[in-house]
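Input: structures, listed below.
Each of the two complexes below includes subunit A, the first together with subunit B, the second together with subunit C.
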Partner chain A sequence: MTQERILVIGGGVAGMQAAAALREEGFEPFIIEKEKAAGGHVARWDRLFPTQLRAQEVIDRLSAGAEGIGSATGCEIVSVLPEADGVTAIAADGQRFEGRAAVVATGFDLFDARFKEEYGYGMYENVVTSAELERMFREGRVAMRSGEAPKRVAILHCVGSRDEKVGQNHCSKVCCITGIKQAIELTEAVPGVQVTNFYMDLRAFGNGYEELYRRSQVEHGVTYVRGRISEAGETLDKRIQLKVEDTLVGRPLRLTVDMLVLLVGMRAPGCCSSFGLPTQENGFFAPRDPYVETVASPVRGIYLAGTATGPKTIGETVNEALAVARRIKRDLAK
Partner chain B sequence: MQPGSPWFFDPFVIPFTVGVIWLFGAILWKWGRWFVSLPAGDKALIRHNILSAKSLKALKEVVLECLIHRKIWKTNPMLGFMHMSLALGWFLLIVVGKLETSTYIQDPVNPPHVHVFFRYFFPEEPASYVRHFNYALLMDCLLIFVLCGVALAWGKRAYSRMMGMRRTTRHTPFDRIALSALWLIFPLRYIAESVTCGVHDSGSFFTGGTGDLLASAVPMGMLSALEYPAWWAYSIVLGLFFVALPYSRYMHIFTEVPLIFLRAYRLKAKPEGSSFDNFQIQACSRCGICLDPCPIAADLNINHIQAAYFLRDRRYGHLTPQVADTCLMCGRCAEACPVGIEQGTLRLSSRVAFARQTSSYNIPRYEFLTAAEDRSEGTGKVGFFAGCMTQLTPGVLRAMEKIFAAAGVDVWWADRNGGVCCGRPMRLSGNLPAAKKMQDYNTELFRKHHITTLVTGCPICYKSFTEEYGELQQTGIRVLHHTQYIAELIAGGRLKTSVVQTSYAYHDPCELRGIYAEPRYVLSHVATLTNAESREKDRVHCCGGSLANLTLDTAAQTKIGTTVVRNLLATGAETIVTSCPQCKKSLQRSAGNDRTRVVDIAEAVAEAV
Partner chain C sequence: MDFGFTINAPRAIYLDKMDPVLRDRVIARERTTLLCIGCGSCTATCTAGQFTPFSLRKVQHLVRRGEYETAKKSLKDCMLCGKCRMVCPRGVNTRAVIHVLLEIL
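== the complex of A and B ==
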């Protein structure tokens, strides 16, 4: 008996784990990744909340699990079509992939901070995104463009999350704890640096998050100000001047920092509108229902895993990837 | 049947006569009160201008607008004809009817009912006056003219698209009574006159011809019996219409006349409101021409806040803050309004009235402004005021810095390090005292630094400075929007630009209404402009992000902006350009964050410098 082929679109955490689980269930998974290498966003991260585990360790373990699974890289899928007894995925270059079913594990895009023009990203040299800060951590050197180490850093939460003005009304869920983690890491990377987080609400919901939040203040001296930065300006010496209201005290603040880190949120990638699958109001793919059918799309033969359906942590993504394999097994057995 | 008395009285004229007396009594009472309570300044303006050429001009405008309806003709000829046939036709029926009567009875003094019911009192063809002039023929022609208008009005009610209108106004009960009566007046007059002509074998081609037809089809006894009731019916609907008129939309028929005169005498609506508003509000005929251009109607299908409904609610005293606040103040309705009602200012004065009712209105706020430090920098004679919105779009500020440097302009930067708002958002929400504080602060700042030209990066500030900053205008400082300033720099050869290989579609900000040539001149110098030739009336469609809107949520705003983006991209442009930081933000939101880029005109120019 030939094994049934299942297409896994996306080679990040969800894709790799789903492929590994599908193989264990007796299928022949095939990973299609748009980048040159698998690993997704996590592969570009330095360390992970809440334990500061090296991201590479997670990627290594997932890659090991997916070892030997067939894949196509550098291949961007633009549409997924349900067929009579299977699914066809069509790539941008015209390639067609056929399978008995498909797992859409396309993940998320980072919000493009240039659309919050008032923060000057792309214009002021010392305004960076949280992703760029991770790269600095990986490279082992946190510095301003001039090469100097920053003495004061501001981390701004909710850039492109919970913001109607840029059409991103949803909470990206993982940025609060990422901001806490990055603040701690900043104090570790740059001794003596003073880090202030500007937040709307701090949502430390997961295991160990609240503890990390507390530790960042007690042990690392990170400060938290409730208030969203209204605008940023660049001073002559390329530092960043911030205008913000401390909403707990009810007073406007004006302060100058050496570096502004924007905690960019997760937004639905372009494929959410091009695949032709139903989407939610936040733009991400819609599961068949959000309670007990979280990994099935409303379209027969097409399944969903990970942040394709909205912001999630790595642990949640891995769980969904396991669930989707089990779910496909059950559906195809019918 | 001969007239019974020198006053040609018959009981059936009573409804008509009562209606006329009621009508003129009510109008004089209303106008009288409004005139008496006009502000002293307005009264002085009237006294000063009443004996000038302005009165003659106003008279001409009354003929053109109240009778011929020239403005409606210009935008929609079919609608123009409908309004003209009803107004001019009826007016001429009265004038010619009066002449006919006076000629016939050889006495210019006669009560109005005699000429209105002339055919009843003088059913036979008066041979003597046919010799002079065939009044009967003329009156028949006029009646056909008016009936055409009535037929079109019926058609418009049944199917408004026939008249090029998607929406037509929903009416109040008084309007419905008046409207029904109005629709019946002329058909009933036609029937009554035709029956009389049929019975007496008289009349001209239309009523006489119909009379002949009736006489041949209906037994004479029955026709005679119909005659008197027909005249009663005609008189009753006339009376009904006149009684309902002062309380219905038809009050505009009379009120537009003093409005045109007062406007000619330079009276203007005020944000604080005044008795003059009554003339404007009751001059609204609720013709419905303002409904279709409204972006809130077109894009959101919200159909109870448009100018006609706002004025109606305000007139009858049931205006809610919700209706007053749901408006982008983009000015499309005012532009379309054939009566020229100052929609924006009236909307504003209602907001002010509501704001006054709140406890915070007179609480001293922004007191700290008097002690605020001067953060401006530079010494140039050309001042640049970025405004709050430009501060939030630093790309525009950067571009202006580059342009000023390239043109070698020495600039005084009013608010690069932070400044005070121009006050327009406060004003648009009805909070005049707060706006005044900001206005005073900025005016003093500009004066103190002896600038000669003030350039602003934001049309909202521009509008504020040019229309609301009275004291600033007295200082002689020239206020320009950066679009105008850049156009001057390019035209004067001070700014050298290259041509960038891209195509732009330009979006006109509402607040920059009237400044259409400069941005097109500038953009066609730096790249290909895909909508350089668009017609003026299509140019302004709000981006959805208007500061004047106090109720519509982001989703609704985005939807309005989507229309703009779709229309602009349909011209084949790669990039959308506008000249307002607020429009830039809203259009970018509507365009989505992936696809189309939206830039400010300053950024487009800076790229080519």
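== the complex of A and C ==
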């Protein structure tokens, strides 16, 4: 049986889908997850762009598909070594896992907004990240620290993305549409709230994204200002004062809001440097090539799926997870 | 005779007729000017921009389009404090760009 065992490192969307697909291809997948439960970032989200489907529905479907597959949780892999006839993954606690091949589905880390000190995250109580806003949506209560509902909210795009000051030159791809989605949801959660999104470029590239953008403007009255906030300050009454240039009007603009939401981007997690696999300029794992070898690493026996190779949507991640199983099947048959 | 109407000069930027010499000289001296995507961070944080129409974002774009005179007139408002350098997400060496512009334009 060990001959057919495939290690799946990471139990998020990519890992669960890859494991399910590997089993369908006749392998014995084994999921190794560092958290106590599978589900990854998506399990912590409320609703998903572009249709506002409950994130839990996606997790439930993927979990159902991965039902009965062997797994280890609370187990963080620190290195993956190619062997003559397989792969060995070593955990932080010294445990060793052996497989015929391994799928690295280790995903991403959210950018730590404290690095952008000028926005005051961690210092000003009403500056929150998009992930924290999502938790408020899940709990059914959007509120400032004082407990009051905000009357005016600003959403800042590209926090920890496209920013050489924090070493993240890449675009995180999903934040623009997340900002649009969250702006709409704020207007739904807090009647009468004014939402303003501050952006450098709005990249609504996917199916249904531009439609959602239009709807946010015409149906929900979301305002978009083309300008990147250069700094935020806290007022005496704990509101947030923003300094920005309205680049389309060509004048500096000041705005005081009750809450500032930072759309934090995706960054390469620590394992991207510790696994010993080649990486790209953005820090994420490098595929063998970005055209027809997107789910294979340059190292024999080690495969990649999902955001391990860079920012991706859930749909793209699921596709890669399906592709990686097929790819492993083909390679091992040789 | 006054017929009550006038003829306005065309406002368009004629890129076909633009003289690129100064622009290219600026780029050759400080290539990071090419990285500007016009996000406005520099202008938002600019000390001079609070009280004057000075905008480095605009100046860089004027130079790109060959509008040197307008750019040059605007430069006098800059106090060279360098705050813009600290906020630029694209790593434009803003202060160096201004020095080069002051020298070349």
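Here is the rule we use: the second predicted complex is superposed on the first by the 331 of 334 C-alpha atoms of A that agree within 3 Å, B and C clash if a C-alpha of one lies under 4 Å from a C-alpha of the other, contacts with A are read in each partner's own complex, and residues count from 1 in each chain.
Basically, a residue touches a chain if its C-beta (ideal position, glycine included) is under 8 Å from a C-beta of that chain, and two chains touch if they have at least 3 such contacts.
This one's a predicted model, so the numbers in the text were calculated from it and none came from an experiment.
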item: Room on subunit A for both subunit B and subunit C (clash or fit); value: clash
item: Partner chain in contact with A:Gly68 - subunit B first, subunit C second, else both or neither; value: neither
item: Subunit B versus subunit C as contact partner of A:Gly167, first or second or both or neither; value: first
item: First, second, both or neither for A:Gly270, with subunit B first and subunit C second; value: first
item: Partner chain(s) touched by A:Phe115 [first = subunit B, second = subunit C, both, neither]; value: first
item: Partner chain(s) touched by A:Lys243 [first = subunit B, second = subunit C, both, neither]; value: both
item: Touched partner set for A:Gly147, first subunit B, second subunit C, both or neither; value: neither
item: Contacts of A:Gly192 with subunit B and subunit C, given as first, second, both or neither; value: neither
item: First (subunit B), second (subunit C), both or neither touched by A:Gly227; value: second
item: On subunit A, the residue positions that both subunit B and subunit C contact, one per complex; value: 118, 164-165, 230-231, 243
item: In the complex, subunit B residues that touch subunit A; value: 391-395, 398, 417-418, 553-554, 558, 585, 588-589, 592-594
item: Contacting residues of subunit A [partner subunit C, same complex]; value: 118, 158, 162-165, 200-201, 226-231, 243-247, 250, 252-253
item: Subunit A contact footprint on subunit C (complex, rising order); value: 37-46, 49-50, 55, 57-58, 87-91
item: Subunit B-facing residues of subunit A, complex; value: 111-112, 115, 117-118, 120, 123-124, 164-167, 230-234, 243, 254, 267, 270
